[in-house]
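What follows is chain A paired twice: with chain B in the first complex and chain C in the second.
And now, the complex of A and B:
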């Protein structure tokens, strides 16, 4: 059966979905919480909260170390979470999914290990103008250390990558392309399926920052053809403090370790130490066991949702919110890519984002203001930052109305 | 509710009973008055040239930037001028500070800046706003921890300037 868009949207039972997220029932400042800061972090479903609770109540032990029953159980749960995460991003092998603290640490890991070995004086690291600081600063630090340079793919006024400029930027000196799958500030979905082969054809290693894409649609690292893929658990309904670095297994195993310590070693002696293979190679010390297990539960929860209906519903939210916001005088949306997720950045003439944010908070509406960790992007638009509303599959059209009503109020008061 | 800006007593009462931002978000009239008054027509707007003291302060996380200039006469602050890149809260705070500190000795002014910062940070036991004039209108900001830094920035910048 082929479903049209409207019937797909109608298949999404948002009330039922919301019931899975206990926090959404709260009031804030005397108003029902309207949580529109999902690009910063997502809320957590019961499945994740209860999984964490169960772990601490009945399974807590250190992993990979004990012979006792609890340790076995915790180890099994931790490794099962790795399997869930692998399926979540289409990784053929679970061992190639390294648990990190977050996307930021995953990028830093690659910079400090693979980067230190493969990038040298005169080499180029190509990023885009819309990157999060997490995908700029580690490369700048590396470039500084080894004498490389960071080059930049420009974007157009709609907030899309300038693909015409790309071929000339993929030079013989380019060693790495580090690119976001989806922009956290603009919502732009980058055509990575198209870009990755161009880079690979020139022998360039590709890292995709999936911190935002994983929250909105299924990804498959195998078909993408990238070398590294990173994301954060907390943006995909999982706990904070846990993230993932996926890499091609051979690439990962050939990289020097990141941190040294327990669990990552094969044998230690004062004469010399040998290191384990992945994933332990990059998981020194006791990891965030509960976090990983919680992330596994989050991945299972998301994979259990009707992806088509979810995508249609989020698109409906985006379309409706865009229309409603555009109808406000003096409101300017930044990020009008043909392909974008349900993230809307905007400015309101004459009113500072921080004043908007505070006044919306008084109405129980949580949005983000400022540069959203993409200062170069805003400089491109001649701005310091924006106000950003980012929608998840549990938001409603009524919440869009609450947002626009509150914005009109702010405008009346301060405009 | 009538707003009387210059009368210190009534302002204190209203700020205490009314809504949060700048002492009042749920009281649109009051909010409007204060923001229009100080946020949109700030006292001391623009840098003084020539001046005796000049400095700059910023908050990396809010993106706020303040530039301050001061003219001295016989150990007193004869005039203050500023530019503010940031929110209405920041502009209003700059303006209210200019009003509160002009005519004071630098020592008194620095003490007032410390008093204001302690009040906003919730470090003051007696909630004493005496001597700060209309800046008491900013007491409501304390309900917005994320905004306290905006409101404090001009005062912090001034205090650092005097300490140098």
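And now, the complex of A and C:
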């Protein structure tokens, strides 16, 4: 049976979904919390909170080298989480999923290991104008160390990549394309399925920053054909302090270690040390065991949701919010890509985003203001930053109304 | 009026306003009542770091008393910084140094501010205090 959009939306029981997120029931400054800062971090469902609680109450032990029961239980849970994460991003092998602190650390890991070995003087690292600082600064630091250059794919006024400019930027000196799957500031979904083959055809290694895409739609790294894929746990309903670097296994095993220490070694002597293969190779020291297990629970929770209904519902939220916001005089939306997730950046004529954020908070509405770690992007639009409302599958149309009503109040007071 | 008396009067004014929305309306009104700084003062040397918005603070010493003016591209930031600059203007440096602005939390001014802005705000006080200390050293120098 083929379902149309409306029947898919009606299949999404948002009240039932919200009931799984305890934090959403609270009041802030005397108003029901309206949480529209999901691109910064997502809220956590019971399944994750309770999994973390259970781990600390009944399973806590250090992993991998203990012979006792608890250690074995914790190890099994940690490695099961890796399996869940692998399924979450379509990774054929769980061992190729490395637990990191976050997407930022995953990118820095690649820059410091693969980058130091494969990028040299005169080489080019290609990023886009819409990248998060986490996918710019590590490459700038590397480029400075080795004498390489960071080159940039421009974007158009709608906030889409200028694909016409791309072929000329994939030069014989380009060693890496590091690109966000979805823009955190604009919501733009980049056509990575189309771009990755162009880069691979020229032998260019590709890293995709999936920090924003994984929260909105299923990802399959095997189908994408990239070499590295990174994301953060806390943006996909998981705990903070845990993220993932996925890489092609051969590529990862050929990379020098990032940090040295326990668990990542094969044999240590003062004459020299040999290192283990992935994933341990890149997980020196006691990892964030609880975080990984929590992320595994988050991945299972998200995979258990009806993806089609979720996508239709988020699209409905985006469409409705866009219409309602556009109806406000002097409000301008930045990021009007044909394909985008439920993220809306905007400015309100004559009112500083900071003032908007402060006044919305008085009404219990959480949004984000500022440059959203994409300063070059805002410079492109001649701005210092924006106000950003980012919606998740647990937000409601009534919350969109609360946002627009509060914005009209702000406009009256400050406009 | 001593600085402490002026501070107590401000606390009383702000305490009467219970509704956060009205408290911000008061701050916005305060911002609008302050003159804008001219372009020559909106420069890096006078910029307060740690704010998401741009905030400038210009101090001066006249006849042994400190005066401060402030401006920002965000109205609420200017209004809150203005509460401090208006409070401390017209007092001798030693009195300023002895009277930190911890009253802001008491009257619910900081509770709605982002840590980022609170940093900025504590930098406003640090700047006022540093200037007062500098003035005091100048005066005490033989």
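Methods note: the second predicted complex is superposed on the first by the 415 of 415 C-alpha atoms of A that agree within 3 Å, B and C clash if a C-alpha of one lies under 4 Å from a C-alpha of the other, contacts with A are read in each partner's own complex, and residues count from 1 in each chain.
By our rule, contacts are C-beta pairs under 8 Å (C-beta built on N, C-alpha and C of every residue); 3 or more make two chains touch, one makes a residue touch a chain.
Since the model is a prediction, treat every value here as computed from it, not as a measurement.
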- Message: With the two structures overlaid on chain A, would chain B and chain C clash, or do they fit side by side?
- Response: clash
- Message: Let me test your reading of the model: by the given contact rule, A:194 touches which partner, first (chain B), second (chain C), both or neither?
- Response: neither
- With the two structures laid over each other on chain A, which partner does A:277 touch: chain B (first), chain C (second), both, or neither? neither
- Considering only touches as defined above, state whether A:308 meets chain B (first), chain C (second), both or neither. neither
- So, A:145: does it touch chain B (first), chain C (second), both, or neither? neither
- Task: Starting from the residues of chain A touching chain B, keep only those that also touch chain C in the other complex, and list them.
- Result: 29, 351-355, 357-359, 361-362, 370, 385, 413-414
- Query: Can you list the chain A residues touching chain C in their complex?
  - Reply: 29, 351-355, 357-359, 361-362, 369-370, 385, 413-414
- Item | Residues of chain A that touch chain B when the two form their complex | 29, 351-355, 357-359, 361-362, 370-371, 384-385, 412-414
- Message: With touch defined as at the start, can you tell me which chain C residues reach chain A in the complex?
- Response: 20-21, 24-25, 28, 51-53, 73-77, 112-114, 116-117
- Residue set of chain B touching chain A in the complex reads 19-21, 25-26, 28, 31-32, 35, 39, 61-64, 85-90, 144, 146-147, 150
